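Order of writing sets the chain letters: A, B, C and D. Residues in each chain are counted from 1.
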Amino acid sequence: MSDPAPCPRLSYVLTLSCPNRPGIVAAISQALFELDGDIAGAQQFDERESRIFFMRVVFSVPAGGVARAALEQALAALAARFDMQWSLRESLRPTRTVIMVSRFDHCLVDLLYRWRIGELAIAPVAIIANHPRETYAHIDLDGIPFHYLPVTSATKAAQEARMTEIVRGTGAELVVLARYMQILSDSMSAWLAGRCINIHHSFLPGFKGARPYHQAFARGVKLIGATAHFVTPDLDEGPIIEQDVERITHADTPDDLIRKGRDIERRVLARAVRYFTECRVIPNGRKTIVFNP
Amino acid sequence: MSDPAPCPRLSYVLTLSCPNRPGIVAAISQALFELDGDIAGAQQFDERESRIFFMRVVFSVPAGGVARAALEQALAALAARFDMQWSLRESLRPTRTVIMVSRFDHCLVDLLYRWRIGELAIAPVAIIANHPRETYAHIDLDGIPFHYLPVTSATKAAQEARMTEIVRGTGAELVVLARYMQILSDSMSAWLAGRCINIHHSFLPGFKGARPYHQAFARGVKLIGATAHFVTPDLDEGPIIEQDVERITHADTPDDLIRKGRDIERRVLARAVRYFTECRVIPNGRKTIVFNP
Amino acid sequence: MSDPAPCPRLSYVLTLSCPNRPGIVAAISQALFELDGDIAGAQQFDERESRIFFMRVVFSVPAGGVARAALEQALAALAARFDMQWSLRESLRPTRTVIMVSRFDHCLVDLLYRWRIGELAIAPVAIIANHPRETYAHIDLDGIPFHYLPVTSATKAAQEARMTEIVRGTGAELVVLARYMQILSDSMSAWLAGRCINIHHSFLPGFKGARPYHQAFARGVKLIGATAHFVTPDLDEGPIIEQDVERITHADTPDDLIRKGRDIERRVLARAVRYFTECRVIPNGRKTIVFNP
Amino acid sequence: MSDPAPCPRLSYVLTLSCPNRPGIVAAISQALFELDGDIAGAQQFDERESRIFFMRVVFSVPAGGVARAALEQALAALAARFDMQWSLRESLRPTRTVIMVSRFDHCLVDLLYRWRIGELAIAPVAIIANHPRETYAHIDLDGIPFHYLPVTSATKAAQEARMTEIVRGTGAELVVLARYMQILSDSMSAWLAGRCINIHHSFLPGFKGARPYHQAFARGVKLIGATAHFVTPDLDEGPIIEQDVERITHADTPDDLIRKGRDIERRVLARAVRYFTECRVIPNGRKTIVFNP
């Protein structure tokens, strides 16, 4: 009750990967301790095949204490010693996000609602659509810049150049394809590697390609699902971040599947975006590490 | 409290399918009513594409009342009128079942346990294994005939001939491939069409073929599943009866997937067998109607 | 391909309950057949304890054929014969619905979105809130009348009188308490019996009363849930229509539970409203029959 | 391919809790590093309310290297410094387990099967039943000592004294009440605190007490569940380790609930026992920390 007021602290998330060998955890925790860092949580994973070690550390330092530059210097020294790839992020800074959408707006509406009530730590810096603003007349965009970029095979290169400008110009850290039904070019996919999340409306690897709910109906499966994954040039083969399913029956029509699918897509995409903003996802070749809460 | 003792009744399940047209339900319910039948439950489904109508009716008649022959005669008349395929089964008679198994016995053990405590209305009339009796030394087979039928590519035809004899000789109504890791010949599959259930250890149509848990591990999916389906000559493409999934993470090894998979396989196969014994499953081309409780 | 154009038909849902006895299904299906009715689907349930029989029948009649009055006359005759309670509804007519809301608007936003895209067959005729319109500034109400009815213990009777007027004046068939955090009076609850659905943010009967997520946190459960139920004077004891759960861990704070809870509440309430609009829910004392698709 | 053979290592699990303060992780990882320990995985949790820090570390040391005594000495020094409670366990040593059972044997059968195929790292040292050996005639106990200890209110104290002897005499580390339908005395519960797991056949805290499936049926819930928890003198209030649910409908009878419940009970209890044997469960007052894989 008569505790001194806690001194304000800055919170960071550190993620890293490196070849596994003894002493990594000791070195990192010692380095953070010496910088007055307090570890609030840590998760680690030792990939047995490749012998790669992955770690996520949440820690804080006194607000008036060590500067970010000093933190980075200490981490760079460790990185050199352990051949480490690393990333440091202030926990409370929202992720600058571009959302791309086509005609179906359920994922867009859902992401914006979660952002508005403070559930999702994104800062939407642009919405890019291949349909005009009127298509989304009922949505209060709240000042988020809206870009109508229609696309045909003839204009695709120019449209992607414009997308690239927007991503660059806004300093976006994340691009979300929220049921954006256009395929990105290989070069665009490669440029966005590890920072572009797509929601695929099937339970991959079943039902790749177009109209997956119709495929599921034709095959007579008893559960349908959705998959959030990083975009790669190899369509429908990107590293999977999150999946979920729902039960269907013989009585469900393709339209019922589409309706049930919307619910799955929304929650799977929202979870994947949340994991990304909290630095819980680390790409690992064709797969991902997801340090769940 | 002073109710007269209820007169004993015989309970039946009628399943049928026919081209849809008005008057089918009226005709069936009227026919049963005239035979003193009391409908305890009914489920129906109108397949919109093919305009085929499917129905399952549970009803009872007074024990000393109309004979089965009279029931069948009435149903045959309806069948002629409506171009109907139908099947009539006494509800309480257990389904004569042959269980086939390879080295992994978790599904066999599970089915036998459910049978022993009266949960599953099967009568196991034979167990066929391609491993000798010692492999299953810890299992109390309780007098169920055990047939050791090893199989090589050279002996496959002879082995299947022996299997056929056993199925015929026991009057089996159902053959369950309880992780029986051998592929049946096309002719055997065709002969057993609609009465042979396989458990496939993947969430079909993902990961067809061999070692599906290793495939799932390599692809980095976040949920794994199992599929119970009717056996057809087209491997892994038979009509699906039941599926289920469980969540996995990046930290699960192929061995963990195999372990979690056993739990899914057991409950998916047990449900499919239960639905079959209760006449809830009606094949419908590449798909099934499953009238869930 | 050269089929004659199908004659347009009017589609109805009939729900009924009566003491069980042989001949009900035959009588109903015969009556519908004689009126040119075509049964598209039917579900029935025989409650063993009370010997009450419940049925839901979806059927259509030619558009220029039998009038609704004639249908009702035929059903009234059957009702008299079998001591039947029944209800007949045109399938395609949306359910006139009043939505009530307090500060948390996630269920309101979700219901309105599902209505807008045609997923939920409701016609929202009024929104009643105990917070002013500005609280929901970001929501496009699309012309739905909004009523700000603040409530204190002193004004509760007057407020409920106003609510009653609105329900009457709009001809509402359904009142949805979409996280409306006020308790209705006994008389109001009784007046709305069977047509007022509440979403309770716990997995009833665990954690009745206030702040259920905090209760769940304190108890250390591993799954949390939500419950949609009919409102009755006996708070938190109304007949349950739908429930669902999500997994939590020791690391989830009460705020995390509230966040995960919002997702469960939205989908559970939306399902319950959908079941209601499709006449799938029949109250049965303290319980409900839900004829799932 | 020409790697030197890896030197064999001994694997340990360390679990600990202490008041949270900076430097704990650094100190532990440094101490293990100095003892040639290689950390294969670690999980930690900072309980915000009590400011207690919990940690689980999996590490290995060279087989011919530091002795267990030296490890314990190093840990004792850390424990003194950080006011730490800790426990050290060889990972591969199976947990000596007493299983107690009443008439329903589905959990017993399931645990023994998982043990037999090497899925569950227990060593069953005794089975205690209040029914005679014949009740379990179909189960191959494989030499596990079986103790028939019938119990009445008059003999309860003597029976528990005999139980205590068995637990002591076998050096049991875990007692599993595998649907053992007798209530332990307060003193027995207290003596077994933190090492006795019960499976309760309801989704606690709903439906405490007897016949929970009948309670669930009467209340008309749409999901039923089961709960594995540590036994405490306060019946049905022990710290929850694991829970799960399954969907039911109005058509499910109490017998159906019991049947579906068996499946949930088996998998929930098996998971809880697995978590215990892998030192993933740390009691935390009325709750548990479960470091899931």
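Going forward, a residue touches a chain if its C-beta (ideal position, glycine included) is under 8 Å from a C-beta of that chain, and two chains touch if they have at least 3 such contacts.
Small disclaimer: the values here were computed from a predicted structure and weren't measured.
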Higher-contact pair (C-beta pairs counted), C-D versus B-C: C-D
Chain whose mean Cα position lies farthest from chain D: C
Distance between chain centroids, defined by C-alpha means - chain B, chain C (Å): 36
Euclidean distance of C-alpha centroids - chain C vs chain D, Å: 43
Residues within chain B bordering two or more other chains: 45, 249, 251
Residue numbers on chain A that touch chain D, as the complex places them: 22-26, 29-30, 32-33, 36-46
In the complex with chain C, residue positions of chain D that touch it: 45, 48, 203-207, 218-223, 225, 239-245, 249-251, 253, 284, 286-290, 292
Residues of chain D defined as touching chain B within the complex: 106, 109, 113, 116-117, 119, 138-140, 142, 249, 251-252, 256, 259, 262-263, 267, 293
